[in-house]
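In the two complexes that follow, subunit A is the common piece, with subunit B as its partner first and subunit C second.
Moving on to the complex of A and B:
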């Protein structure tokens, strides 16, 4: 179910890329700052959606706790930004500490003084946490619904922890980044936001290629094998635990990068990133776009969020109904998602139903085989 | 001793809310392998039912019976949540049988819709809708089979739905015109006030216990006993147990698994409604009230494993007592002069939210030793 199934002409592919790159370069001048900022945020969300697609679409693990890693990445970025711009405050520590009477920087803030450490921490810390949680869960062959519930429970645990610790990380209020400085520039300023948009766009494309590389070849085949028949993979001599742990921490790392990019563009990171609805929303972006199709995850994340902001501006109350309906509709009527439907037999079947296209006549057995081939 | 009793009581009180809520979830999960993420919202519906019943009992006609409204609302909440649950099973969950992860997502969608429904539809009309659903679903089967056979059943069903819709609209408008509080939609939290005989405290062995908490424990006790009797003594209970053990075999032996699914889901959802009544006694009721309790229920289900009543009871009370022990820092008051690092750790975890963190860590640790839960199902499968 990857895009490579449909063979495009090389010229078409090349012109597609040229148009895309031109759009990315031109976007900051075409769009007003507000919309550009929104688009940048949604693009950064599409990176976490790629991670969800890798673990759910390819490996069959429905994680309802990607918000943990998303927020961890965001917190890493925000902690660095807060420290580097804290020189004018008393004790040279971020401003909010004074509110709670903390005079000494908590120990785990220390390493975030270094930009190099932060650069690595943004994706390595979420990946390590994901790997640890994943290993402990997968080791015991906990899977399916149990896995989903456990990830959701751990999400709530992290939420409670971050929400309650005012003295360590400012609790409910979260860490603001838009008034902090990065390389002598205000993070919330227009020029910085433009740069962040470009960085996000490049990273989305990079993450897409990375994810394509991950699911290509033997490793990807094992992932799909785990999704479709895990005991068989085990009996063939592979250890699913290792593969699941690796892919889960890759998804965690992607979520961390996504969270950091989202944080600098939205101007704040708070425990709200770790609420239950947000993490489940990530799943629905992938489900609507098409699970098992990487492009679908990106498009789903961007379009659904865009629709969300448009609908919420016009009719605030109706978005919940639409979103709830979307969950039910996608699961019951479009299990492959929009892109999966297009790549599969969807449009042809639809045309056939209206008598616009002739049915392909095959022997019943052949048709059955054909169908199975498409599902895999 | 007194302290221990106090702690035990608090723990049992926390655990009993958890228990009623988790009971429904565990039964459905045991039977269908389905986790219902809308379970919390069914609890919320139960809590709102209590609120609506309370307001209706303030009307002049029912005023003399006001004190008994809480008893009535337990039954009403069971029916309301049960009907919504049955509708959910008939429309969505049945289509997704065999794919539990998809069910998880679909029920989440339902929970979003229910939350927004309570926010943006006046409660009076919500009540009307539930009444029309109730009539529409059950009127056709209430008639004797002679009548059913004499008329074409399709038209019969159709006309009963029309009748149901009319009744619903009528009751909705009657309620909204007589109780002004229910005629407007609001997203604000509402409060259920306990009747006078439930306020105050009772003294048992020298310690004072709030009556509402005792009432919750009683509600829990009754529901657990009722469910145990139903599952172990009635014919349908036996069928439910049979399908839980082996679905295909029961199907072959002539048990209608479809009906069993509907009944189980209805009962599970109804129990969520009863839990909602208990929740409404503990604090204010809002559209998000279910979310606060649902994670505890998931913990119970994960801890126990598949469908085991006794296990659910033990795990709920266990988690309840642990929450109280850790969350209120009781170990510190039992053993005041413990070494400093230990007492610091206990102080760190001595809030409700941090107690959850601790309990989750303990559960994950426990699952390292017993991955299939406290009471695993026996049998040989490649999966285990």
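Moving on to the complex of A and C:
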């Protein structure tokens, strides 16, 4: 890698940090609670996008079923909140059960009485489900388009199951969290929402560092190797099945955390989290932000969703066209995504096209290296 | 078959929906041997490598490597047992640097836990340094492998093969697309590897095979037509018929 590229990256990273920290500090005072809450939600979505970037951008597994793990995390959080706030309802169980004549708490709700269990369940249950699905699929060497179709089919199975189980989890109505209590406060209250915003902001940064740690070094190189030439990895003595299962499981866990944070900030979890378009949107955020850049996934998720809410307020019903157009633009003009384009030669090429920068006469690497006296 | 043999292929038959890619092929390799395998297109040379490395399961027959049967084992298990393979067209990880490519090959054990937890060992780094010097890529360690020339890619893949420290190296057309000078260097490199390692080289290039100065097996229609030194097989009438061409042609 040449010197200028490293400096360039550092500049981007530094400016990103300054903007980010400023935003996090300023957000609760500058933004009205409504906007703050939206930003918090979009930040929580960026965690699921990080997972998509790990499995798709780095490992080449295009999953259209991340909504499963996202919703599972959300349900875990919502079940705990519902159960801790159910003391004044008949039979001491959440209110909705009365609608369907259920008098006894279904067995799988029991462990969610414990906050410790819930804390772990939010990310471990989605990670285990992802690991199991992943292992079965990868062991049978299902990949490419077939993998994508299979994940989407699993998504539909989960969607239909959750949709139909009124007596277990309130079916299509979902579980509301905004009127529940946590530490004696209403979850939907302003002060709680402010706290959730901070937690989300910290967790996004944590998830980002975690993802960076996963892809740095040899483990990440094997992931890239699997993406680019899986049989070659196999003939070198690595078992791709294990690597793919691990990374898919990690992405599932991240999706679970993301879903839980999203649920407490939007006030409800429902099977709508497992609709097909929502899982495809997750992929679009990463594609637009920049595959294989991690940061691009975060920026993509936050900016596209913010744009979505702004556009929807101004011009209702036009957002789907804009989102579709954005996706087409990225696929045709910026295949590396916005961040990938910036990190590559994109800006230089654009300036050249307008005659603002000298054209490169030979290979870029030669020119750049000569300028800096790098020995080649 | 005897104890000194590293690899025995016994009556290997591979049938692709009735088409016999390999037909009762028998082949024995001694430890430390350098063996060239030649044959016309479609003779089954690549299928022969696929069977050893586990990519293709033989319809009939047995593959014995270091006394163990390889049939039915997964590719990565066979690779860990000590079978390394270089592909026909260079297959390296173009988005990784030369050094990262070699790290993938020299790393042991090849488990996820080892890769994510620990840093690469010093002796493995030294091995990488030694390898890049041998294949003349010392100046390029931090370049993306995709930016290398065709010859350099071939050499990087050979270095990756050596870095894997396999007991058996299977080398498929290592000099395709190389200049004469690079071809000579490759031949010397492969010769120097044999002795300690067992090397099987598949190629079309007769000059290159001659330069290897090794035993040659000639494949035709999925079976071994003839084995011997270059001089013997050049005089063999069957070989002349199917491969080298009749003198009057």
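What to note about this one:
Keep this in mind: the second predicted complex is superposed on the first by the 343 of 376 C-alpha atoms of A that agree within 3 Å, B and C clash if a C-alpha of one lies under 4 Å from a C-alpha of the other, contacts with A are read in each partner's own complex, and residues count from 1 in each chain.
In this section, a residue touches a chain if its C-beta (ideal position, glycine included) is under 8 Å from a C-beta of that chain, and two chains touch if they have at least 3 such contacts.
Every value quoted in this text rests on a predicted model; they were computed, and no experiment measured them.
Overlay on subunit A: subunit B and subunit C fit together in the combined arrangement. Once the two complexes are laid on top of each other via chain A, the angle at subunit A between subunit B and subunit C, using C-alpha centres, comes to 80°, given in steps of 10.
When the shared chain is aligned, subunit B comes close enough to touch A:148, but subunit C does not. Annotation for subunit A, partner touching more residues between subunit B and subunit C: B.
Of the two partner chains, subunit B is the only one touched by A:335; subunit C is not.
Judged by the touch definition given at the top, the superposed model places A:242 against subunit C, while subunit B stays out of reach. Contact with neither subunit B nor subunit C is seen for A:52 once the two complexes are overlaid on the shared chain.
By the touch criterion stated above, A:327 is placed in contact with subunit B alone, subunit C being left untouched. Judged by the touch definition given at the top, the superposed model places A:299 against neither subunit B nor subunit C.
Of the two partner chains, subunit B is the only one that A:157 touches; subunit C does not reach it. Our summary of the superposed model lists a minimum C-alpha distance of 6 Å between subunit B and subunit C.
Once both structures are placed on chain A, subunit A residues 231 are touched by subunit B and, in the other complex, by subunit C. On the subunit A side of its complex with subunit C, the touching residues are 1, 214, 217-219, 221-222, 224-225, 228-229, 231-240, 242-243, 246, 365, 375-376.
Against subunit A, the residues of subunit C that register as touching in their complex are 53, 55, 74-76, 79-80, 84-85, 87, 91-96, 100, 103-105, 107, 110-112, 115-116, 119-120, 139, 142-143, 147, 160, 164.
The residues of subunit B lying in touch with subunit A in their complex are 29, 33-35, 92, 95-96, 100-106, 108-113, 115-116, 119-120, 291, 295, 298-299, 301-302, 351, 353-354, 356-357, 360-361, 363-364, 367-368, 371, 382-384. By the touch criterion given at the top, residues 62, 64, 136-137, 139-142, 144-146, 148-150, 152-154, 156-157, 160-161, 163-164, 231, 276-277, 280, 283-284, 287, 317, 320-321, 323-328, 330-332, 335 of subunit A touch subunit B in their complex.
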